[in-house]
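These are the structures, in structure tokens.
Next come two complexes, and both contain chain A; in the first it sits with chain B, in the second with chain C.
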Partner chain A sequence: MKSDWVINAFLVIGLLVTAVCIVLPLIHAIQLSFFQLESFVSEPKYIGLKNYSETFADSVFWWALLHGCIYAGGSIIFQVSLGIGIALVLSKSFKGQQIVRGLSLLPYLLPVVIVTLTFLWMMDGTLGIITIGLAKIGIRDVPWFETPFTAMAMVIFVSVWLWTPFVTTCFLAGLQTVPKALYDAAKVDGLGPWQTFWQVTIPVLKPILTIIILLRAIWMFNKFEVVWLLTQGGPVGATEHLPILAYRKAFLMFNVGGGAAVATISFMILSIAVFIYFKLSPIEEK
Partner chain B sequence: MNSKGKKKDGMTRRDFIKVAGTAGVVGALTLAGPGIPFIHAKEKVTLRFLNSETDADCVKVMAMTSAEYEKKTGVKVLVDTLPAQDAFSKLTASIKGGMPYDMSCLIFMGDVLLLARDGHLVPVTSLTKKYKFGPRILIPYKNEQYWYPYDYNLCTMFYRKDLYQQKGLNVAKTWDQLVENCKALMLDENKDGVYERHGIALPIGTGGPASYMSFAFLWAEGVKIFDDNFKIIFDSPEMGPKVIKFLDFFEELYKTMPSGMTQIGFAPPLTLFASEKITHTVFTGKICTHIDKFAPQLADKYGMTPYMDSKGVSKAVSFGYDGWVVVKTKYSEESMKFMEWFTENHYIDFLHSSPLGFQPPRMDIYDDPRWRADPMIKKYWWAMQAMWDYLKDPNLIIASIDTQGPYVDVRGGKIFNSFALPEMLQNKLLKKMSSNECLKVAAAKLRKSIA
Partner chain C sequence: MKFSFLFKNSSLRRIGLYLLVILISVYSFFPIYWMIISGTKAPTHLFSSPSLVPGPFTWEYYTMLFQVTYFPVQFMNSVIVALGTVGITMVTSVMIAYAVSRYRIRGKTLIIGVMLYAYMFPPLLLAIPLFSIFAKFGLADTLFSLVIAHTTITLPLGVWLLWGFFKAMPFELEEAAMVDGYTRLGAFLRVVLPLSLPGLITVAIFSFLLSWTDYTYSLIMIMSDAHKTVPVGLAGMVGSYELRWGEIMAGATLIALPLLIIFAFFSRYFIHGLTTGALKG
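Moving on to the complex of A and B:
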């Protein structure tokens, strides 16, 4: 049948793209992790699992893993809770609703580099507009990136600002699919807004929520550019997570194999986390 | 087709996916496998040049030069421009991918040596031997030169001469004097504890700016990271006390700095100085062009001095050199011809694209009237003369983290990129650790980075 061939053709294209852009680099990265090489063009020397044993024995790796969990966890909590809240507000009818909906998506449309550098300038310790504004109301010398806590808070803040609109948009789209009859029934049963949200909206939108959380978790755990541009992993390694550690080892420390090992471990951790997540929160097929 | 997506006869969809997937992976593996050479056009030689000078004027010069070369020889030179720190990764990726750049800028001597050692570069000795170069800028490897350095990027200190005169201050010769001068020039107009003007800005963040700009005090003090066998001696009985003294000095100096020193990169010390928020800064000669353009009222109100030691005996500047390499490709010979033509005919045009930023490592340039004719070089000759004198002064130390050791080696790059030294400052200034403890942690990290 013609339609089958169309489907199959798309499948083949998809598989080819996946193979070339994802599977092959992945295999190559895993392969590199068993070798010692100083650059991509150096003569590789097979060293078995040494890169892994060294990585696991290195406290920096465990700190980076912890920082990654804090960064991803913190970002997801705020992105999802704020995203849902904004989506609920935007789902109500009000004057200018369409404009506000459009504007709410704006941060997601801006290039990450521009947003990040803009924040960096706004929070510059001396010339930053936010710093100067705060100084005018008596809040001086804010250590934006100078303590481990504030540096982590800042990278989470910028990440939340950037990607909350994604959650909002997904959740807003999901809200349109909740049958109005359910809300009517909830009203008849005497449920208040809070109860309606927990007993009607959330259960109906659970599959969407599951996917949103999963995607955000994967993306945030692997997010590199925001942290690199804001802190380069500092101060004193306080925001260094696994992607930065892998990059630093592979591209700055002349240890491509070590960087590949960190990247592979990160991939394995994510795979296991996704597996457990789906076990705990299965997506029910209708 | 039945309800489960299975055809009544023939292959199932699952079978199809398996076959197609396998074919796709095998096909892609074959395509991506080794041994597929980059096919250069037969009819015309095209050279690819990886430029890492992103300044618009420099890009313009490279474009004009390549156009002129094509007109003259028929050889096209394609210039790709990217930030300097990404050049090595892109170059190695191009080599690995079978489409190597023919020429490239590189910013780490360790990178050059790594590529030379692995046989990816061709010697440029025939080009460098024609001229006398300044100190510490050539890196011989097996009796050959594998890079053509084009600037020094000497990082030196600038201070507000006019304010010094107003307050009757002398140019600092020791660390204590520098702290005193910085303190003396801080300004709190409203007497509310909020300073409108600070002493100095030195980066302390994790990254290149701090490594480049904040440690020449150590070199002036005679600190060395490696001994002659590449053993870390940073915390040795000879070096350790000097480092501790430096940390204590830096703690005092930090009190005169504005907040946000972990964030600042290369540019902010420049802008803070030009906007009169600080009275001292460190940078290359590029500061002159910046001030000329953005703060002309300061044009004759600042002076230059090297970093000093604690006793007023020794001086130093740090350097962040750049250079060109010629990659071993099927067009190496053509690349060498281009490089020869370029360095003989257009090197000065290239230098003029950042007149005081690109400090020539070739000593003949300083006497070349074509180079000296640039209006900015003429106008700020006092600054260029001072930087030229740095190169001629045998007592002035020119050093950097990545060139530590008995000879240039990849280990210098490793200790640079471990960021152990900027983190040492962060431990001292942000975590308030004792200087002893900071030194211990830094030395351990340095050792680990080269283990």
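Moving on to the complex of A and C:
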């Protein structure tokens, strides 16, 4: 089919909007990272790679990177194992299956803000329903967000609650593609459910699982709002990861260039992950 | 079942399965339940040994929320921003996705690849420069700046989803329509668009969802209370008021409400969108 003016016009308008909204800001972000400026309206001063050398020399950056890895790693491990577990249960037939599937999906659709606020409320030190419930069975004075370990655990827990449904949904969809003949063969070979899972289901779904884990890693590494709303990166920076460091530098510490540098470094790390993603799941023309 | 000794074992299994199902339901639903209950429970009960059952019932948090706080204004801001984002996203992503799917050029997968890549950008990567640009043009702290910021996430998503729809649609469709006397634009508007309605609905829903639930961009782009959207406005109440959990949970319920309604009516599109990777999460 010959391309005509409508298609050309569509393409030009569309790409123009994309350029203004996405490409231009991206270039500007990298550009900002080479400048020193205290606020967004002050006069920028070119300082070359100084923002980067300062960032790399700062132990706060390396701690943030480590916290980010712990946060992302912990979240992914629990999201994936719990997500698969829930998917396996929901793939069985039982009364009310559709409703329970819907319920299990709900956390994913709720705004992060209301979820974090609800958990903050449920884990309120004196009035929270979970705090009260735990006190009734003898667990008192849980320092929910006060110690580095519990704060990180809480941030991971809420992230797991929020995004496990993504794994569940993808894995459920995957389960339907496993040929039934394989399960029959496993039965003939006398494999139990546990063995069948590890020797049939997991090998067949390995490609899907790899993509799921990679996507989770990409999202979790860049999550800002859960951590910010729950702990603001505290206590004493124990849950501060790269997105929070970038935000604090650019908007609270009057170091826009430094914030842009941290964001650009995150972008570089992300690009590696996206590159692997495209290698594993290339875009099909048709 | 033929063998009675197996029956016992399998009925035990049924019980185990139902226990797990109940556990999953409670785990997934309890926080939502408690949010709704907290927003309607009288303060005398909410703030001293609350019971899990609803009541005694009160509307006072809702009236407080509407009379004392910026909530109504911020709710409207959220609606305006979400609708603006949906509008821009729909028009632009339809254009790009259709053109790319019908263009015979090399490198069209590059455009789609860039879109998918952009969809995975860390929010702060674009938020910092966008704010810098808007500050220069005096557009900081406006709803318009927020619409553009949200479009940076929803546009790549829209193109990705619609491209999947358009490429599955045979070229012969428009060719036949054009033989029947339609112009290219006419064939597109009268034949292609109506047939891609499910795709359009999916894009509209997810654009709305992403914009409606966004916190990060709103936190950065908007400073004044009168221009904030509800997620940021509500989160701000935690610090600024003393023990306002009733009001906050009431507000949270109101934010969740449109989503629950959309979900109840369009869950089919949700599942479709989710399995094609529609939610940033």
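The criterion applied here is as follows: the second predicted complex is superposed on the first by the 250 of 286 C-alpha atoms of A that agree within 3 Å, B and C clash if a C-alpha of one lies under 4 Å from a C-alpha of the other, contacts with A are read in each partner's own complex, and residues count from 1 in each chain.
What we mean here is this: a residue touches a chain if its C-beta (ideal position, glycine included) is under 8 Å from a C-beta of that chain, and two chains touch if they have at least 3 such contacts.
None of these values were measured; they are calculated from a predicted model.
Contact comparison for chain A: of chain B and chain C, C touches the greater number of residues.
Of the two partner chains, chain B is the only one that A:G233 touches; chain C does not reach it. Using the contact criterion defined above for the overlaid structures, shared-chain residue A:V41 touches chain B and also reaches chain C.
When the shared chain is aligned, chain B comes close enough to touch A:A135, but chain C does not. Using the contact criterion defined above for the overlaid structures, shared-chain residue A:P143 touches chain B, although it does not reach chain C. In the superposition on chain A, A:L127 contacts both chain B and chain C.
Of the two partner chains placed by superposition, chain B and chain C are both touched by A:L15. When both complexes are overlaid on chain A, the residue A:D4 reaches chain B and chain C alike.
In the superposed model, A:L252 makes contact with chain B only, not with chain C. Chain A residues 1, 4, 7-8, 11, 15, 24, 40-41, 120, 124, 127, 251 lie at the interface with chain B in one structure and with chain C in the other. Residues 14, 17-18, 20-21, 24-25, 27-29, 31-32, 34-35, 38, 46-47, 49-50, 52, 88, 92-93, 95-96, 98-100, 102-104, 108-109, 111-113, 115-118, 120-126, 128-133, 135-136, 140, 148, 151-152, 155-156, 159, 167, 171, 174-175, 184-185, 188, 209, 212-213, 215-216, 219-220, 231-232, 234-235, 238, 245, 248-249, 252, 255-256, 259, 263, 267, 270-271, 274-275, 277, 279-281 of chain C are the ones that touch chain A when the two sit in their complex. Listing the residues of chain B that touch chain A in their complex gives 1, 7, 13, 16-17, 20-21, 24-25, 27-29, 31-32, 88-89, 92-93, 95-96, 110-111, 114-115, 118, 120, 194, 198, 201, 205-207, 258-264, 268, 271-272, 275, 277, 410, 413-414, 417-419, 422-423, 426-427, 430-431, 449.
The touching residues of chain A, when paired with chain C in their complex, are 1, 3-8, 10-11, 13-15, 17-18, 21-22, 24-26, 28-29, 31-32, 40-41, 86, 89-90, 92, 94, 96, 100, 102-122, 124, 127, 129, 132, 161-163, 165-166, 169-170, 173, 215, 218-219, 221-222, 224-225, 228-229, 243, 246-247, 250-251, 256, 259-260, 263-264, 266-267, 270, 274, 278, 283, 285-286. The residues of chain A lying in touch with chain B in their complex are 1, 4, 7-8, 11-12, 15-16, 19-20, 23-24, 38-43, 120, 123-128, 131, 135, 140-147, 151, 231-237, 248, 251-254.
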